[in-house]
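The data blocks that follow each hold one structure.
Each of the next two complexes has chain A plus one more chain, namely chain B in the first and chain C in the second.
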Partner chain A sequence: MESIKLFLTGTDRLRDMLCSTADGGRKLSRGVRELVAEQYAGKAEVDVVFEPSVGAASLRQAIEDGSSQLSESAANLVVTSVDAEFAAGDGASADAYESDMLAVIRSIKANPGSHVIVLLASTIDPETIVSNYQREESDPTSLRVHRYDLAAMRLSFEEGISVLDVDRIIAEMGAADHVPAFLEYSEGACQAIANELVRIMDDYAFFDDRPLLPQVGREDA
Partner chain B sequence: MSDIKQAVREQVISEFMDGQGDKLTDETRLVEEEIIDSLGIFLMLGFIKERFGIEVDPEDVTLDNFASVNTIVDLINGKRDAA
Partner chain C sequence: MIETVLVKGARAWRSVAGNGTSVEKFVKRRYRKAIRVEKGRLATQYSNQDSVVIQAKRNPEDKRGIYMKGGCDLPSLFLAGPMIKDVLEQGTVAIARPTVAVGTSQTSQVLQTLEGIPEEHIVETCRKLQIRPTFFKPTLFDETFEAGGMERFGDFPKSAVVLSVGSDLTRSLHRHREHGFLVDIGGWWLNQSLDKAIQDVETVKWFKKTFEPVGKMTIPEFVSNMELIVKHLRDQLGSHLIVMNTLVVEPLSPTHNFQLLNEDHVTRKRMFNIALADLSKSQGFHVIDVDRILKENGVRDQVDFAHFPVEGKMPVAKEAFRIFRELEIV
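Now for the complex of A and B:
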């Protein structure tokens, strides 16, 4: 049976989106590990490793100085989330994020067979929706998130990594019901995100007896 | 109205506004007003390539360039002039 090492690095919110309470999440009874066990019983199992990080800059630093577990052993799939950029306040600029994340991606992809998926963030901020009616904001939260999401999508285009479009998943579910606070998602939304990650893994052939689809960037093509 | 602007308007209305474009002006803020999201911007890249034969570089995929119908038209015209 295939054993897949799934390496999650980010804030507790990332773990909430993808991990069951048994694996440290706070919302899901069935996270990615359990979903794979149910849907691909006997074919594959997922070993989840979570490493806290607060954005691409700190992750890049941790990889470069060898303090990240990613420096020690290769993971089959590394998942990060744009939302971590907002963990320490407003975060760095989207340009800095793009530069740091590019270095992270290239470091991970230096291990043959390692794949990268970035979760985009929801652009919905319930507080901004209210305050925008009262005053003009030069750079509301939603636009700042859009900048980071776009940066991740540019990296997807350039480096061949996948993005999981959390913003669109939540929009389709109804943001008013599923985003109680900025970057906080309901249990239902987290379940949909975990389901989508498993679907993407299936697309890459993680659960098949065939080679994984490569993540081919523009320069590799 | 230029052919390019008309084509961009029609694409935005059909792809992102369910054909209901009465309130769309050339200056309507497409992202701020949640007409287009990040994925939508990338869908527009496909349209620009297919319709005008223009491949937009990733570094040009910015909120500013896709802020409104007018800025998208400016982007296309700029790429055409540079070609």
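Now for the complex of A and C:
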């Protein structure tokens, strides 16, 4: 049976979206590990490792100075989320995020067979409705998410990583019912996000005999 | 119910008489002109396909106008009519769009009208592509407008102009090889029966020989065009500008890896929305955040970014109404 090492790095919100309460999440009874066990019984199992991090800059630093377990983890799949940028105070600019994530992704891809998935974030902030941006001193939260999401999409073009489009999933379900607060998603939304990660893993052929879809990107193509 | 009967009747008629007959055109013109009247406690609302006029009992001479130019997402704002009717204590307010706007709303086209294209340069194009010469006139920058089909209310000032990014986002223009003016061939195809358009091979050949494609608009072009339009609207008309952004996600799209895709196609809508927000910051105009509104409402049943289900139209209209109130237009 295939054992897949899933390395999650980010804030507790990332764990809430993908892990069951048994694995440290706070919302789901069935996280990615349980979903894979149900859907691919006897074929694959997932071993989940979670490491806290607060944004791409700190993750890059942790990888470079060796304080992250990521370097030694031999993870098959590394999952991170743009929402971690909001845990780091004012956060980085989208350009800085893109640059830091580029370094992180290349470091992960240096291990053959390692894949990267970045969760986008929902742009909905129920507390902030902006119709004239000139009145805002700095970018509203929603606009910042748009910029981070766009940067992550660019990294998908350039580096071949996957993005899990949380913005789309929440929009399909209706954010009014599933985003009680900025970057906080309902249990139903988290379940849909966990389901989507399993679908993406299936696309990559983690659960069958095909060769894994490579994350080539443009530079190597 | 009436709409269903009309649609079935039209299909039955076409199966016998064919598409685009003079009888069909006559009925369409009459239907478009039909005015529905709804009386309220404070005001009465008059509406047809292209305009809504709300007239209060008090001081109807005090006129304010909201002029819309753009794509298929704009008519949602007509649903603000009943909201205005319920609060309008005095004056007359019109919300209107040009009768045919498809194919004339890209900002490059709007700006070229300011350059004054000589009549003789466009005669052949207008005839061959069935474009009205007014398409090349700077009607967006006229100080006043009439509510189409309701001319009896007279002219309205452009208190606010509402645009949407949809045309700049999606339309591909063609440039006249000799005279340099731009047309949107999509307008020609969409404004008539496709059967008829395809049969007209000679016009297609002429078009290919006379025009060259210029492709879709880039973000820097969009920003530059919008800055010029804002300047003209403010300097010439003193109008408020309100722009509708667009839904950036693709409902039900299973794509998660973009390494083999065209970057521009996938990220274009998000880039336009970000550019629009940045423009709002630098220019101070209002944005109707259609992206937020539709996402809040749920987009699973949405077929594309510009055609909202009924449940999506009302919240968009409510947000427009909120902005109209904030700007003291109503």
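Criterion: the second predicted complex is superposed on the first by the 212 of 221 C-alpha atoms of A that agree within 3 Å, B and C clash if a C-alpha of one lies under 4 Å from a C-alpha of the other, contacts with A are read in each partner's own complex, and residues count from 1 in each chain.
In this text, a contact is a pair of C-beta atoms (placed from the backbone, for glycine too) under 8 Å apart; a residue touches a chain by one contact, two chains touch by 3 or more.
Quick caveat: nothing in here was measured; it's all calculated off a predicted structure.
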{"item": "First (chain B), second (chain C), both or neither touched by A:216", "value": "second"}
{"item": "Which superposed partner A:123 touches (first chain B, second chain C, both, neither)", "value": "both"}
{"item": "Touching partner for A:150 - first (chain B), second (chain C), both, neither", "value": "both"}
{"item": "Greater residue coverage of chain A in the superposed arrangement, chain B or chain C", "value": "C"}
{"item": "Which of chain B and chain C A:160 touches, first, second, both or neither", "value": "second"}
{"item": "Touching partner for A:168 - first (chain B), second (chain C), both, neither", "value": "both"}
{"item": "First (chain B), second (chain C), both or neither touched by A:49", "value": "neither"}
{"item": "Interface residues of chain A shared between complexes with chain B and chain C", "value": "123, 142-143, 146-147, 149-150, 153-154, 157, 165, 167-168, 171, 218"}
{"item": "Contact footprint of chain B on chain A as seen in their complex", "value": "120, 123, 140, 142-143, 146-147, 149-150, 153-154, 157-158, 165, 167-168, 171, 218"}
{"item": "Of chain A, residues touching chain C in the complex", "value": "117, 122-124, 129-134, 136, 142-143, 146-147, 149-150, 153-154, 156-157, 159-165, 167-168, 170-177, 199-200, 203, 213, 215-218, 221"}
{"item": "List of chain B residues in touch with chain A within their complex", "value": "31-32, 34, 37-39, 41-42, 58-59, 61-63"}
{"item": "Interface residues, chain C side, partner chain A - complex", "value": "247-254, 256-259, 261, 263, 266-267, 270-271, 273-274, 277-278, 280-289, 291-292, 294-300, 319, 322-323, 326"}
